[in-house]
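Down below are the structures I want you to see.
First subunit A sits with subunit B, and in the next complex the same chain sits with subunit C.
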Partner chain A sequence: MKKLCTLFLALILPVSASADTALVDRVISNHVIPRFQTLARTTAQLAETAAQTCDLDNGQVISDYHAAFDAWVGVSHLRFGPTEVDDRAFALAFWPDPRSKTPKALYKMISEEDPVIQLPANYSQASIAVRGFYAMEYLLFDAPTRELGHGEYQCALFQAMTQDTAAISQDILDDWQPDYAALMLSAGQNERYQTEKEAVQEFFKAALTGFQFTKDTRIARPLGTFDKPRPNRAEARRSGRSLRNVVLATEASLDLARRLGRGDETIQSRFDRLEHVFTTAVAKLESPVFADVMDPQSRVKVEVVQQSVDRLLEYTLGGLGPYLGVAEGFNALDGD
Partner chain B sequence: MKTLTQLAGLLAATTALTAPTLAETAPEKAAVISTYADIAEATYSDSLYAAKNLQSAVAALVADPSAEALQAAKAAWLAARVPYQQSEVFRFGNAIVDDWEGKVNAWPLDEGLIDYVDASYGGATDENAAAVLNVVANPTFQLGGTDVDATTITPALLEETLQEADGVEANVATGYHAIEFLLWGQDLNGHDAGSGNRPWTDYAKGDDCTNGNCDRRGAYLQAATDLLVSDLDWMAAQWGADGEARAAISGDEIAGLSAMLTGMGSLSYGEQAGERMRLGLMLNDPEEEHDCFSDNTHNSHYYDGLGVQNVYLGEYVRIDGTVVSGPSLADLVAAKDPALDAQMQGKLSNTMMALGRIKSAAEAGFAYDQMLEQGNAAGEALVMGGVNGLIDQTRTIERIVTELGLSSVAFEGSDSLDNPGAVFE
Partner chain C sequence: MTSRRGFLAGLAAAGFAPRTTWASAGAPACLAAARTDTGGYVLCGLSGAGEVLFDIPLPDRGHAAAAHPHRADAVAFARRPGRFAVVVNCVNGAVRARLDAPEGRHFYGHGSFDLDGRYLFTTENDYEAGQGVIGVWDCAEDYRRVGEFASGGVGPHEIKTLPSGALVVANGGIETHPEAGRAKLNIPLMEPNLCYLSTQGQPLETLRLDPALHKNSIRHLDVSGDGLVAVGMQWQGETGQVVPLVFTHRPGEQAVFPDIAPEVYRRMLGYVGSIAINNAGDRLAATSPRGGVVLGTATKPRAGEPALEPYPDVCGVTFGPWGRMVTTGAGQVIGGLAQQPQHYPRLQWDNHLVRI
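After this line comes the complex of A and B, so read on.
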């Protein structure tokens, strides 16, 4: 199957693909597709496990959940094209949630035993606050949520969530290959990507946005201010994944940034050094959920992790950008 | 004779069309930036003028409360939003505006901080311990562990003590939306049509007062309105001939043009298409309406979009009908790449058409709340029409950034890169 797809892509490539298009081709084949394949496979596995047991503390359920969430974080920087069709990526991952929409909506849904979960077609129209990995986390790890309503409803809700997540993940993969890959590889000949550079820029922006979200949201939210640290705002703290997500997201953006840097030695050695700074900083953290932010002395260590992500962002912007000849552009984080 | 004149005119037009490189002379970049600053000055000055009208209407309401006086104040608030929303395009690119904006237009808010709310609103949350503080009902209270004396409600109390109290952004004590809540009250209609329904007697004197503390409510409303006027007065001055905002973009042409395009792109994409429109739709949540108390969200979105178009075309229609215009970004782009200019103008028009559809449907009775309801396909299509237009125009704004050569960010060496160990020192 994989070979067929590769063959198909090879056929639609112009005979003399430019360096930019060849680069886009390699990024799609080696970064995008394998990662979305992993997301589709792990979410399908989670749905299958959830269909077989109503025990939400079951070890297989928990490990499948983590594997699927890992896979999501590994593509969470690729927010364009197939993930933005309908409300796909938002439904997989609605966070941050500063107004606590997810617990409020789940409370209402479970208390009222909302029948919307009975049909996938209906559930897929439900609020993004009750769908995806962050809503699942409440069902698996949040004691007050677990005490709501009946066990059978909670089980059916979790099954609906996992099926929805698997379906969306498969849809994203199906859109990527071959259609969206073909669109990016025909950059310069379509309206969406009007030059070959625009396709390169899309990936460049994805790497940047990934670093930026990790720095400004995943780390900055729990940091809060010195006088008012906010450990309760750490991402996925109920499942103990806050730091893990920072590491996986940073590695994912870095993998993309490295690939965009081709074999350029200066760029690769800079990324090597910056990655070393990042992993060294991460190794000094003790809490997987950024509880360190409360103590002034260990808080500094979290700030160092944030700075190390900022340096990756800064170098990607100022070093990789000019090398590729592309601009920063706009992203979804530009508002306030 | 007439035919000859027409023919000559036609020939002239044809010549102009076939020789665009001759017809289009690039304007001076400084002149383009100057037009932008002129539009900013006019937009904020109009916002100030309209806010003063609101201030008078509020004073009349508090002095002599009546249903008519409340209605007049609401009308003045709605009118004040027209110029202000068009100013939002000056955010994101100008630090002086960004540092100030939260005082006048912060949103969303936990309105229970200010005044009474319905029981369905809930209580204090994980995120905000002051979510139901109710300053109107409580002359003294504790806030973030400190005793606060709010016996007299003043602009200083709102600005210095209550705004973003406890470091929580949802504690919005000042600006348009605090005033909006005090005029309309909570919108308890859910996904049905209808705005907040605060009775005018919430401001009545003596025994006619409903929901208690009418005098304090009136004092809060006046303090918030006075503060809005003084904040807008300050910002309008920043864009005057000697203003700092004007000076900040006039010194460096690249920085000035970048500020213009950054504001256009950031407002279009991250802020309006994402945070304000698409998120509310995906959450199916009427509380996610931008002007939720007054049900004015369709106008809020429309005039935000118009502001983006104003900056590109270098033209703003003032609230007295006069026009401020001059050399524009459009002229600059057209001189370099007429096709790119046509693409930009086409996309801005598409967006305004899409936002206009939301506005006309809402004004005809299909409220924005209803558009957000789960399963409302027509509403979703209307809102997504606006979202798609805004996203699409952002792509062309990016192309303009590239075309005008504003994208090259010089990379300067830094200690942290040359010496990675430095961050641990």
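After this line comes the complex of A and C, so read on.
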């Protein structure tokens, strides 16, 4: 009966136009800005620490790296506007990299002692494959890369990477506030967002694509096939972050999806249940880098995690989408 | 006494099967794949009035089909990164052959026959090399794979055969890898092109657009009666940036952009899902399922105002002697000889409408 009432209310009280803008405002203030602030702060901290030591095993360097990477994964679903200017998001996170462009380019760079690192400002001219968190991971955690070239070069390279990453993160934040936030809040009065609904839809798509990337790429890559599991293809396995990234990315998309569905009890309780299914499934995994995929019995547990993300994706599409009035069509969603 | 059925079976066994031409399949005007309301997938033949003449079950979601020039054979491709395609006999619905992508390759969902119908050419991904490949299949040998050659770029999507017999390929420029799902791996570095190739794989000509448009994926194609190529693009750069999405090209000449105002392109949301050009080569139509609009325009600049028509989730489009026809994900078939749109509530039409 309660469900019926909710449905009835939804029919007679469609979310009004100004409610859309109020919703966008809350999402920007409580989800987008705090997360990009964290990214700017943690990447600046990492650059500062890196500037003070050339010891790449230093505990502070490692913990700052993890904090900054956590912050990136927490915004990795917000791939529109400021993150897409000058390929910033790609420069922070060049992954997946199935043809190993990052290690190949790093090998060349370090062996030839490429002078691009001499001025930090120059590093933005370097190949996208040697920038950002995944390139840094090779310098911090990959033994063969660590053995290349001279220690001083590696140190200077790491400093250049951290400064580049901090600069990009600050640029994204600076673009978000006030300009891009103002653009989304004036949806309906600008070219980019011609109706207020389009700004809501932008966030809806961000939540969807976040779940989708986690399911189809972060989890599906190491799963491979039953006959050919691919644990070596897990994201950030060298730093032991594969599962952590899945959890953080899913929580980030879910936080956004919940905020979009705020005010509707059915949606909230459904997300609560689906989150419980997800965290229960994650708790059963033993390996932080999806080594479970090798063993047929524990492999099933990884598949269950993948299914739980798929259920979040499906509910966002089929439950949240219609509530927001932004459902995507059969062909429109396909992208081919 | 010999029954008719037994007589025909005997003929078939002896290799005397009557040729199954498109006429014996009810002379469909075009083909389209669809999802049914029960979750299955079918390939349909449509008349020029938009009537469904036949529907044949498919094993999975189809993307596009390729129609044999004479025989009632349709090749239905799975959507990318599909590893198989099926050749169906449109007279009786039987699967004539199954095409399996070789090790290290997957299909992109499009293919084209040569002029006399001997060979089928398919766009494929050599994903370990990150390079596009055209697979060659011999129809005279039950669609056996007989070779492959470079597509001239990365991420080849649609392929068509020109009246001259040459092939034209839309190398979209986007690198993908099946283990990375549908993730796009090289957006900052992508370099799409339009490549003309002989059927032996010799590159004849390659067209690249202005470097400022390097993130404009050249993706869909159609060819007029005298070989003018219409191209539809998908913008991979910053959302909201308005760029041209269609042009025409003739080998040896420059690309020609029809006069389309930025506000028209803006409503297409940087995305052309399918493109068609008429036989005379003076009109083209491009659909945007994201914008829910069909763009109709003269191919030449300054030849009349372009028109945008709204149809929710529109995607398939083609021209024929019966005019222009479009299909939508909501089950509509609009245009052709029919006065009124045909509505098939049980069918969601998939991306492409393929003229026979």
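Criterion: the second predicted complex is superposed on the first by the 310 of 336 C-alpha atoms of A that agree within 3 Å, B and C clash if a C-alpha of one lies under 4 Å from a C-alpha of the other, contacts with A are read in each partner's own complex, and residues count from 1 in each chain.
Simple rule for what comes next: a residue touches a chain if its C-beta (ideal position, glycine included) is under 8 Å from a C-beta of that chain, and two chains touch if they have at least 3 such contacts.
The model shown is predicted, which means the values in this text are computed figures rather than measured ones.
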Which partner does A:Pro178 reach: the first (subunit B), the second (subunit C), both, or neither? neither
Mind working out whether A:Phe80 is in touch with subunit B, subunit C, both or neither, as first, second, both or neither? second
In the superposed arrangement, which partner chain does A:Val304 touch: subunit B (first), subunit C (second), both, or neither? first
Touching A:Tyr315 in the superposition: subunit B (first), subunit C (second), both, neither? first
Look at A:Ile128 in the shared chain and tell me whether it touches subunit B only, subunit C only, both, or neither; answer first, second, both or neither. both
Based on the superposed arrangement, let me know which partner A:Val326 touches: subunit B (first), subunit C (second), both, or neither? first
Considering only the touch criterion stated at the top, classify A:His276 as touching first (subunit B), second (subunit C), both, or neither. first
In the superposed arrangement, which partner chain does A:Ser100 touch: subunit B (first), subunit C (second), both, or neither? first
Applying the touch criterion given at the start, work out whether A:Ala220 contacts subunit B, subunit C, both or neither, answering first, second, both or neither. second
Of subunit B and subunit C, which one contacts the greater number of residues in subunit A? B
Subunit B and subunit C footprints on subunit A, overlapping residues: 87, 90-91, 98-99, 128, 192, 194, 224, 233, 329-332, 334-336
Sites on subunit A touched by subunit C in the complex: 80-81, 84-85, 87, 90-91, 96-99, 128, 191-192, 194, 213, 216-217, 220-221, 224, 230, 233, 329-332, 334-336
Which residues of subunit C touch subunit A in the complex? 35, 63, 79-80, 109, 127-128, 130, 177, 179-183, 185, 187-189, 237-240, 242, 266, 271, 273, 289-290, 292, 312-315, 328-330, 348-351
Residues of subunit B defined as touching subunit A within the complex: 91-92, 98, 108, 122, 125-127, 166-167, 169-170, 265-272, 274-276, 278-279, 282-285, 287, 374-375, 394-395, 397-399, 401-402, 406-412, 414, 416-417, 420, 423-424
Could you please specify the touching residues of subunit A with respect to subunit B in the complex? 87, 90-91, 94, 98-101, 104, 125-129, 192, 194, 198, 201, 224-225, 227-228, 232-233, 270, 273-274, 276-277, 280-281, 304, 307-308, 311, 314-315, 317-319, 321-322, 326-336
